[in-house]
Amino acid sequence: MSDFLMPMLGADMEKGTLVKWFITPGAHVNRGDVVADVETDKGVIAVEIWQSGDIEQILVEPGQEVAVGTVLAKMRSVADKERPSVPGPKIIEQPMPSEAEIPQRVHASPLAKRIAEDLGVDLIKIKGTGPNGAITRADVEGAAKRLKEIPQPTVIAEAVAAPVTTGVASSDQMRRAVAAAMVRSKRDIPHYYLQTDVNVQKLMSWLTEENRRIPVTERILAIAPIMKAIALGLRESPEFNGFYKDGAFQPQSDINLGMIISLRGGGLVAPGITAVDVASVPEIMSRLRDLIERGRRGKLRSSEITSPTVTISSLGEQGVDVVYGVIYPPQVALVGLGGIRERPWADSGMVGAAHQLTITVSADHRVSDGHLGSRLLNRISELLQNPEAL
Amino acid sequence: MKEITYREACHDAVRSALLADERVFLIGEDVGSYGGCYAVSRGMLSEFGPQRVRDAPLSESAFVGAAIGAAMAGMRPIVELMTVNFSLLALDQIVNNAATLLHMSGGQINVPLVIRMATGAGRQLAAQHSHSWEGWYAHIPGLKIVTPSNVDDARWMLQAALADPDPVLIFEHVNLYNEKGALNESLTAVPLTGAAIRRTGNDLSIITYGACVNKSLRAATELAEKISCEVIDLRSLRPLDEATILASVRKTSRALIVDEGWRSGGIGAEISARLMEQAFYDLDAPVARVCGAEVPIPYPKHLEDAAIPQVASIKKAAETLVGSHE
Amino acid sequence: MTAAAQPTVASGRETALCLLRDMLLCRRFEEKCAEEYSLGRIRGFLHLYIGEEAVAVGAMRALAEGDAVFATYRDHAHALLRGVTAGAIMAEMFGKREGCSHGRGGSMHLFSREHNFFGGNAIVAGALPLAVGYALATKLKNRRDVTACFFGEGAIAEGEFHESLNLAALWQLPVLFICENNLYAMGTVLDRSESQIDLCAKSSSYRIKSTCVDGMDVMAVLNAATEAVQHIRETGAPVFIECQTYRFRAHSMFDPELYRDPEEVKRWKLRDPIPAFLSKAVAAGQLLTTDLDLLEKEVAVVVQEAVAFAEQGTLEPVEDLLRHVYSEREILQSVGGVK
């Protein structure tokens, strides 16, 4: 007994449909006889049989589609010879791709990265001088040399005079550093405090509107336009924007707002966003997001720690209504933000509900006074009434 | 040292090949009575006769194919194709026969054929006579692609190509024919393949070939006070001398590829990819390329100049690559 | 320039036996190829010559050992007739390294330098320029060898056909152009692709001596080829022969033959060159009817041994994948061709 198989009729043939048999069981066939029509992708092809003998049994009925090598009929051949079977297709299992790692956005050449690793230099600290500001081998080697020369402070304690950087400080060290700075602040700076309630109803509606148009990941939080308003307000009140050093106030032209970030492991950092007064609201938002994310990972640049000219302390998220902050020396002012809450609001003899925010200013009496402080607060409040202009 | 033109070097190469080996013959359009489109074979018809300096009709496919057939029969034909653009009319023979016969026959039938052709822009010959397709040909296993850039290579690479058992395509840049250079008279042979370092440097490796070698050398000289450039003349695009390229880039950590061919899918892209594969952690800057603009070569001089690498564009790319601290 | 009206008769018993045996070998060998293909042991494209055997058998017998042959992708018969062993050809189609092209070429690329057999060319008309060049080398070396080049009538539509005939005539090169006109360029019948279907008119226009013969009559082909080869050796000039023939089977294995009428195939099969030749030779007293059985048995053994040889062949190790792209040292020394 031998098999008559669905033949391989072309390199690209995988299966065929039996269209018609020209034989019936019991029929005698000769080698070379056309015994069936098979339909393929290319059309109907007459199929020959390669053995002589008698058909015993037909296994595939007209209309059936079967793979190449399938037994179509059984026959008793004259020379009942073994035929090699057609090998089936091999299934090769593909390994699953491993999860991609999240890339770190430091523009450094592969060589610079390799050398930095060898020398134990943190690329975050280095300013690149290569194409598009990328960090090159020379930058890494230069930084390594400087590292050797200057003992590196690792504690935020020095944040006051020369604040530093990475998240290497332990929470204890950080606590001690904050304590030192605050003691110095309360000892040296005659603080005064002002506060005002601001109706931010328009701001909230405007935000809702804006956020509808942009992807979730780029969504703007109220802090961004508020920072912008503070920055613009500071532009008109230069007495609050600067450093008190060597017995004199040094106003700063750039308005860099520091944002106090509490770290998960305890401790505080206050990195800054530079030139907030000229940045757009979405830009402030994305920089803030980046800053918070990196701040919590301990990946801040030293310049971000040293640059703030005014610090903001925002504790609204923690359920606080009013913040009376302690100024970070050598700065001369701190703006405190409470939570935004819906509260009764009287307007033209009518009481309604409105979203409100309590803003405070802690300021250095050596440099400014309550009159100037009120002007600043009022200006910020005014700016927040016109959010689309920010 | 003797000053000769690149054209004279090509002429001397062909003539000495005809003198040295009876199996060698020159075949091509207007190589005989006309003396060669670029006057390389002037005077050879009278010296060697029409059997060995054979004018062919305008049928590139047939005479290139015939040269392949003659090579299969043990001859050593030198085919001259007027320009790289015309070689496309013989592409079937070059790609489907010359490059594959050895393989299809399981190593029995080699094709010791040499094809010389003019390539490149710079003579205002517009969009059907000016392209640089050596990079295309370098895509094809079975062929060897060489690009003599100076008189020494123009003089001696042909001899090495004729000694090779497989098909060799020699690309002579049209702008080089009139260039003069000092022929090293002590040379009697050069290797067919393998890159040459034409200038050593430490800050940047400029990897180039053909007519762009001189431009790159000029750029390197002008930059010398600021940037120390190493200039690599590839000489052969297939096989590529990876060892020389990698050693240089590992030393300088920066690579600038200068290629007159189009950027997309060009030989520059291939070199860049190999650097990524094998020298990634040695790179101190992204690999940069100065390539032909993605446009058929235009006729007017100012646009033609703008379409291909120039000394100024090479310098600019080098400066950008090295960055601000050098 | 018309088909020979009266088929010629073999001049002697020995020649007749050879011709019949050659045709039978080609036929049975290729039937086996079809069978092996249907079993998946031969893959790729497989183009069979069945029906056209008289052309190659007649033409090859006119050639001498030193002559060179260039053929197409329908090349099994040509390789066999040139003396390449059936086993080496079958092994090639099985992809085994004992194949005549080391297994690298397959059905369409059979080569054997030893037999001056240069394939095995699967670009239509692609081998014509090669044959012209090979003949040019012969001429430059002052040899009298003939280069025979087989191609289908489909090649006539290609520019390379015209360029090559022009060169061969212009340079007076010893090429025998043999056009196997089986009427169909794959599925396109001649008068649907050519404005002038008198093929000899085309070749004659290049001032090449041209003749048209009945390609189903092995003696007609043999006589025309013998005369052509003699002319070429005497004058060094090319000759063109059109052999009108027909392939009985599909273009390749995967071809439902939508383009031709089964009745046409039946009509041509009545002119099958093997029985036609046998009956004429028997009538002329050159062969006995019993000769066929003896030859069939002899051929069957050859075919069976070829399959066995191919089955026993070995596969090239994958580590050798990149071989044969550039010459290796041993090949450098064997380069020679026409000496």
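Going in written order, the chains are labelled A, B and C, and every chain counts its residues from 1.
As a working rule, a contact is a pair of C-beta atoms (placed from the backbone, for glycine too) under 8 Å apart; a residue touches a chain by one contact, two chains touch by 3 or more.
Keep in mind it's a predicted model, so treat the numbers as computed, not measured.
Colleague: If you count the C-beta pairs in contact for each pair of chains, which pair comes out on top?
Modeller: Pair with the most C-beta pairs in contact: B-C.
Colleague: Central chain, going by Cα centroids?
Modeller: Chain nearest the centroid of all protein C-alpha atoms: B.
Colleague: Taking each chain's centre as the mean of its CA atoms, how far is chain A from chain C in angstrom?
Modeller: Distance between chain centres: 69 Å.
Colleague: How many angstrom lie between the CA centroids of chain B and chain C, rounded to a whole number?
Modeller: 40
Colleague: Measuring from the mean C-alpha position of chain A to the mean C-alpha position of chain B, what distance in angstrom results?
Modeller: Taking the mean C-alpha position of each chain, the two centres sit 48 Å apart.
Colleague: Two or more other chains in contact with one residue: find those residues in chain A.
Modeller: Residues: none.
Colleague: Which residues of chain B touch chain A in the complex?
Modeller: Where chain B meets chain A, its residues are 253, 280-286, 320-321, 323-326.
Colleague: For the complex, give me every residue of chain C touching chain A.
Modeller: 31, 34-35, 37-41, 43-45, 250, 252-256, 258
Colleague: Give the list of chain C residues in touch with chain B in this complex.
Modeller: Listed in rising order, the residues are 68, 97, 99-105, 109, 111-113, 118-121, 123, 126, 128-138, 140-141, 159-160, 163-164, 166-167, 170-171, 323-328, 331-332, 335-339.
Colleague: Spell out the part of chain A that touches chain B in their complex, as residue ranges.
Modeller: Interface residues on chain A, with respect to chain B: 109-114, 128-131, 134, 136-139.
Colleague: Taking the touch rule as given, give the residues of chain A at its contact with chain C in the complex, in rising order.
Modeller: It is residues 5, 7-13, 32, 40, 42-45, 48, 50, 68-69, 83-84, 86-87 of chain A that touch chain C.
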